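Heads up, the thing below is written out as structure tokens.
Chain IDs A, B, C, D, E, F, G and H follow the sequence of writing; residue 1 opens each chain.
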Amino acid sequence: MALLFENGDRIVFAGDSVTDMGSVQPVADAMFDNLGHSYVRVIENLLTASYPDVFLRITNSGTSGNTSRDLKNRFDRDVVDLNPQWVSICIGINDVWRQFDVPALTEYACDPVEYEANLREMIEKIKDRVKGVFLITPYYIEPNRKDMMRARMDEYCDICRRLAKEYNCIFVDFQQMFENFCKIRHSSYLAWDRVHPNQIGATLMAKEFLSHCGYKY
Amino acid sequence: MALLFENGDRIVFAGDSVTDMGSVQPVADAMFDNLGHSYVRVIENLLTASYPDVFLRITNSGTSGNTSRDLKNRFDRDVVDLNPQWVSICIGINDVWRQFDVPALTEYACDPVEYEANLREMIEKIKDRVKGVFLITPYYIEPNRKDMMRARMDEYCDICRRLAKEYNCIFVDFQQMFENFCKIRHSSYLAWDRVHPNQIGATLMAKEFLSHCGYKY
Amino acid sequence: MALLFENGDRIVFAGDSVTDMGSVQPVADAMFDNLGHSYVRVIENLLTASYPDVFLRITNSGTSGNTSRDLKNRFDRDVVDLNPQWVSICIGINDVWRQFDVPALTEYACDPVEYEANLREMIEKIKDRVKGVFLITPYYIEPNRKDMMRARMDEYCDICRRLAKEYNCIFVDFQQMFENFCKIRHSSYLAWDRVHPNQIGATLMAKEFLSHCGYKY
Amino acid sequence: MALLFENGDRIVFAGDSVTDMGSVQPVADAMFDNLGHSYVRVIENLLTASYPDVFLRITNSGTSGNTSRDLKNRFDRDVVDLNPQWVSICIGINDVWRQFDVPALTEYACDPVEYEANLREMIEKIKDRVKGVFLITPYYIEPNRKDMMRARMDEYCDICRRLAKEYNCIFVDFQQMFENFCKIRHSSYLAWDRVHPNQIGATLMAKEFLSHCGYKY
Amino acid sequence: MALLFENGDRIVFAGDSVTDMGSVQPVADAMFDNLGHSYVRVIENLLTASYPDVFLRITNSGTSGNTSRDLKNRFDRDVVDLNPQWVSICIGINDVWRQFDVPALTEYACDPVEYEANLREMIEKIKDRVKGVFLITPYYIEPNRKDMMRARMDEYCDICRRLAKEYNCIFVDFQQMFENFCKIRHSSYLAWDRVHPNQIGATLMAKEFLSHCGYKY
Amino acid sequence: MALLFENGDRIVFAGDSVTDMGSVQPVADAMFDNLGHSYVRVIENLLTASYPDVFLRITNSGTSGNTSRDLKNRFDRDVVDLNPQWVSICIGINDVWRQFDVPALTEYACDPVEYEANLREMIEKIKDRVKGVFLITPYYIEPNRKDMMRARMDEYCDICRRLAKEYNCIFVDFQQMFENFCKIRHSSYLAWDRVHPNQIGATLMAKEFLSHCGYKY
Amino acid sequence: MALLFENGDRIVFAGDSVTDMGSVQPVADAMFDNLGHSYVRVIENLLTASYPDVFLRITNSGTSGNTSRDLKNRFDRDVVDLNPQWVSICIGINDVWRQFDVPALTEYACDPVEYEANLREMIEKIKDRVKGVFLITPYYIEPNRKDMMRARMDEYCDICRRLAKEYNCIFVDFQQMFENFCKIRHSSYLAWDRVHPNQIGATLMAKEFLSHCGYKY
Amino acid sequence: MALLFENGDRIVFAGDSVTDMGSVQPVADAMFDNLGHSYVRVIENLLTASYPDVFLRITNSGTSGNTSRDLKNRFDRDVVDLNPQWVSICIGINDVWRQFDVPALTEYACDPVEYEANLREMIEKIKDRVKGVFLITPYYIEPNRKDMMRARMDEYCDICRRLAKEYNCIFVDFQQMFENFCKIRHSSYLAWDRVHPNQIGATLMAKEFLSHCGYKY
């Protein structure tokens, strides 16, 4: 399988803080350090290092703290209007997390029903305007599926998987990838809060993403 | 049971970052904000609010990042030489944590054998010079006892419990207290990294400590 | 008496700098350190530590420097519109203080007539929309009732007590509580300026407040 | 009475934070803003403005937080070795204050016996090497003589007055001056903490000092 | 002659940087350090220290860099609308200075004709609404009247003097006062740039101003 | 070919600013962000992501501005004493650069004779204590071999290649790798100054290095 | 040839970062350090030092990052509306650079056709309103004409030269001047990135510019 | 006359703040912005721009606030030990200034006798080890020779001129140069405090210095 991306393609990565990680707000291209230091930057680095003759435009549309509701509200401005050839959506961590760290502030979270609706609305907006949509699961870097928050996250991952199938998106399973890694090393090796990965975590995510793109190292 | 502490007593809290939390280094008394914002401050606040006529001197000898080896090395200067009437020791979290977040840097961690030896050396240095020694378990705010790091922490807690019994120390079980709390709320409500508590966590720790002191709210 | 507050209740604390103390402006919920470090935070900590299964939403609507006039002007936005079940009002210190520290700037203070009118307007706005209103006296941590400023403050405390009775509010007397404490320790132990308390003072205030709420430690 | 000071005289003001107030440490002459903004600066300003043809060297040897013990320990370096013609000593506030704001930290305060000994040692060291010594009372800007801390301060003022007489020093009574002012305006007009004066307070202190120097405005 | 100012009077000092000197912008009353550290603050300090029973409101309406044109343009907002009983105007230094330090930027300066017109417009706006207007000369702390800039400044001082007479204002001659002082000490003792005075200079200006006010030290 | 590195191996990367890039000084292990953001970090990331079960200790001994002389002088402390299994040396850029940007400051540069001697001394110190030594060429990201500085750099690269052969080191040719890349994209895409690479450059360097290590992506 | 500029003339330098270099935005006259530290300041310094009796107004209208499109868009506000007697335009570096450092972000660059159109539009706007227009080439401090970016820059320089001739502008060839200098010293002596010169580079540019102005040192 | 300086010469400029102006302390070569922004930098810029093939090493040994005594005390370390071919000494401004701005601090100034001795000691130390010594007058940018400080400065200039003759140094008269310039423009155009020049002043000084060096622009 050849590289999915062709010369001149623009790829927009929409998401929350794990996509953002210091990127210029609200939308950033690869210039200076604008792109931040999440998996998006690692993907850009690996693609260019391996395919110097393919000119791609990588755009980071991640914003820290976003739930699927927040992302949906800015989706036109920060994704659709950029006219990308490819879109990646990785959202849902905050939809779940707020249910556990600030349970009394109920308007901060999104329940599964709303999550699905938000995701669906975004996919429908963009799917016919691009060459492909990547749907990435939210995740909690916790291998114990009985952990309250991991269990809740799995509900959202299931929705994500189901919609990917329904809409024929490329499905990327960060949750499963992290679970595999945690069989060997403890989550604190990647992220003390089990959410925001260090650069090793970002590299794992980039590898996982690229494994769906026909990328040859 | 009456309050253990008497007018004029000095209580020194030795420990790592969960004891330290912004206290002036290396040793701090209750003056300005010197005491930091860990359970030590909450203990001082509750004691004074409930017993305004008992003058106690609360000292924070916590230092961020310390293992039992680090604490042992500064124990004379930061604990013994202060001539306290009471000493509280809460150490071991970093002895364990370093085995999981930087496994390659083996000199950063302490194994159970060394942990026990360090603890023993500190207790023997101080026990005959004070009215009482508090031995507090290290902890990982994770209710799943099969979690790699929690399981390892439990080994250290067992050592701590055993030595408390052997030396007739007052045993305070932070690990058990946090496990109980996590039956109701998720760990991320107290500490995103399952170690450094917010002020609710600090209050829980202070309550647990004071429950062994004859404290009446 | 059981705890006044029920699962899901929102409690809004309106006030000036002694309520604010570093809280996010203009209105802050308990998330990160947003709540500041006044008695509001201590109340939140103690409630959660003692009742982990009761989910309450504590909101700090304190703003430094506010007089009763300032609070009245923002009362709709910062209190009423939040739809709380409980409201606490602690205001008046600056109404008095400005008469003594900047006597020439007369528009900075509020005289007793205006203070009463402001308080009354706020109570009437909110009383039928909530389960209960707490009315807390302003205070000056000075036990000598003949001190010019303490004497003036007492006039405002009297108004506060009278309105609490008239409107059937829960009356909390910080002034009396501080007077009692000062029989044992000097005011400089709590607050060098006799207004802004340290964390011991905040704990005293929280205890006093909670003593009216059916709180069991 | 003509101006006490003659062309070329050096006047050293020794003291604590109310003398220091931002002066360069440990000793500062009138150059740039080195002199700080306490009464020392106001004295220097008024003297030069009224006597432009008299060249005086004004030196600030005040250090924040000093008790009489601290000042005594640095008296050789910061006062005697400067070879002044005149020395002013204003010390004692912290000797008293620490007894009230941190009563448990007993080594921070000096009791009256030590205060007298410290003062005596400093006076004897310097009296025969200068044209005159000013002895200034410590103070608490509180008109109520029954206030715990004011009452304690008066004991120190009495010692100060007695030694001034015994050693034939020029006695300056800041405590009495502030008491008089507080009959008209509340202490919070000068200093929220009743110790550190604003610029009006500094001007009052300068006026009081200069009233003993044959100064004509 | 008794003090000109009566209980409750407000005095507004309009001017440029030598009036401003760090005062809160655009208009500042005596609260915290808002008043800045120019002669305005020294006047406020001396008045209160000598007349504690007279409550005056001192307002600093000085703004750094202002020419007479700038001051005229904000005169309604920053002076007239404050309803003062007394107004002091000290302007013109920048009208002249810009002719010498940036001669090519001609729109930065005001020539004598405009200066007179601006001054006249401000006086006429305010004179019938106040108890008195102080007109203070601009100045250059340079005793050599043949210096290019001093000579130019003298033209402006003459206009100032003439208008003071015409409109029956109280005339304060800072230029003459500084010339006198410079017979004894060099200008660099007061101000390295011959414009912005240190605190001794501010004290000299305050003394000069107060000598026209019936002030008794 | 299997991965060169085995479980427990320590690899020390010695060098100048292109190795350092913000690493903690003088020597840093992979903990927090201590390792900086040069190719060293990318190597660590890729190794762990691909071989999670191999525990390696990666150490950055790079220091900005170092010439071969500076590195030689600290080689015992920062490399030998760490007892590594593998050592990588990448030095020489500053030896050359200083000849062109500050030609008058001759003591800042090292000529080829000294460069060879320094390199030789370091290799001989370490070669028998490790499993292998990597010798990496210095470089100038400039494809034009006639550029004055590139031409000079090539002399140093030749020395590097010759010594690698002589001492049986693993030779890594960054200069050649960059020359190849510049056939496709301009040097300004990687580094505006042709020396300090951005993250794409760092990734290229990591790939080049790993291509000599039996690394499988 | 006498100096082109006459008393009272205003000269506006329009450009990008090499003109800007820290100048106050968007337009700055010579006052304080407003003018920045590019060749514009050196020109101003040399002119005044050599012709103290000629009063010129030098204005810096350079803005970092500008392409010819950006400059064109602000040309009315920042150049025409200032009513200069002379205008200097030095633009085009970023038009080219963006084609090499961020080739995927195509909207950041301007191709030769647009460059010419932009330049033409600016010249036509201003040429009949001034005494003269200076047209300065963009440049890349790289003597190798086969370097990708230098070769591209030469296309823009040619356009610049052609338009200067067509519109009878004074043509200043920074590119040629730098090429000459690089025959003697390497580009890294002037600018590590071959664009932003140090003060020696700025002096070279000023000398080159002044050589077209009848300037006598 | 050809340029005095030859390839490889080192020229050290010793002095006070007007030589220093932000240079790296205590001694700085031309690298980054180390050289500061005084006349030393302008000299370096002009020399290199006009003689790119002559490699000179320009060193700034100026230190703010130095008197001739301070410079003498560090002369071995900061001048002699650098083995220069040429030395320039410009000292004395602070010897004089301190007599006027802080007349009471007599140890801060140097009288003419000491000034001459200090200068003589420095010249004798260096004169036989160098190709030439430049002796530059101190100055006060004040054309009125009757000004107190200018008159005093002239005494020091006379000493400087006399010693230059006696020791056959190259004499550079900054005082005369500034006096000439002030016939055309006011001192405030160059330096508000008549000492620290802006960049135009620095350029004037550089031109004056170079006029003694056979420099051709």
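List of remarks:
Here is the rule we go by: a contact is a pair of C-beta atoms (placed from the backbone, for glycine too) under 8 Å apart; a residue touches a chain by one contact, two chains touch by 3 or more.
These figures come from a predicted structure and were not determined experimentally.
Between the contact lists of subunit B and subunit E, the overlap consists of C, D.
Separating the centre of subunit E from that of subunit H, both taken as means of CA atoms, is a distance of 40 Å. Here the spacing of subunit A and subunit H, counted between their Cα centres, is 63 Å. Inter-chain spacing, taken between the CA centroids of subunit A and subunit G, is 45 Å. Across the assembly, subunit C contributes 101, 103, 185 as residues in contact with two or more other chains.
The set of touching chain pairs reads A-B, A-C, A-F, A-G, B-C, B-D, B-F, C-D, C-E, D-E, D-H, E-G, E-H, F-G, F-H, G-H, using the touch definition from the header. Residues of subunit A touching subunit C in their complex: 101-105.
On subunit D, the positions that touch subunit E within their shared complex are 41-42, 44-46, 48-50, 52-53, 181, 184-185, 199-200, 202-204, 207, 217.
Interface residues of subunit D, counted against subunit H in their complex, comprise 8, 10, 29-31, 55-58. Across the complex, subunit B meets subunit A through its residues 97, 100-103, 144, 146-149, 185-186, 188-189, 192-193, 195.
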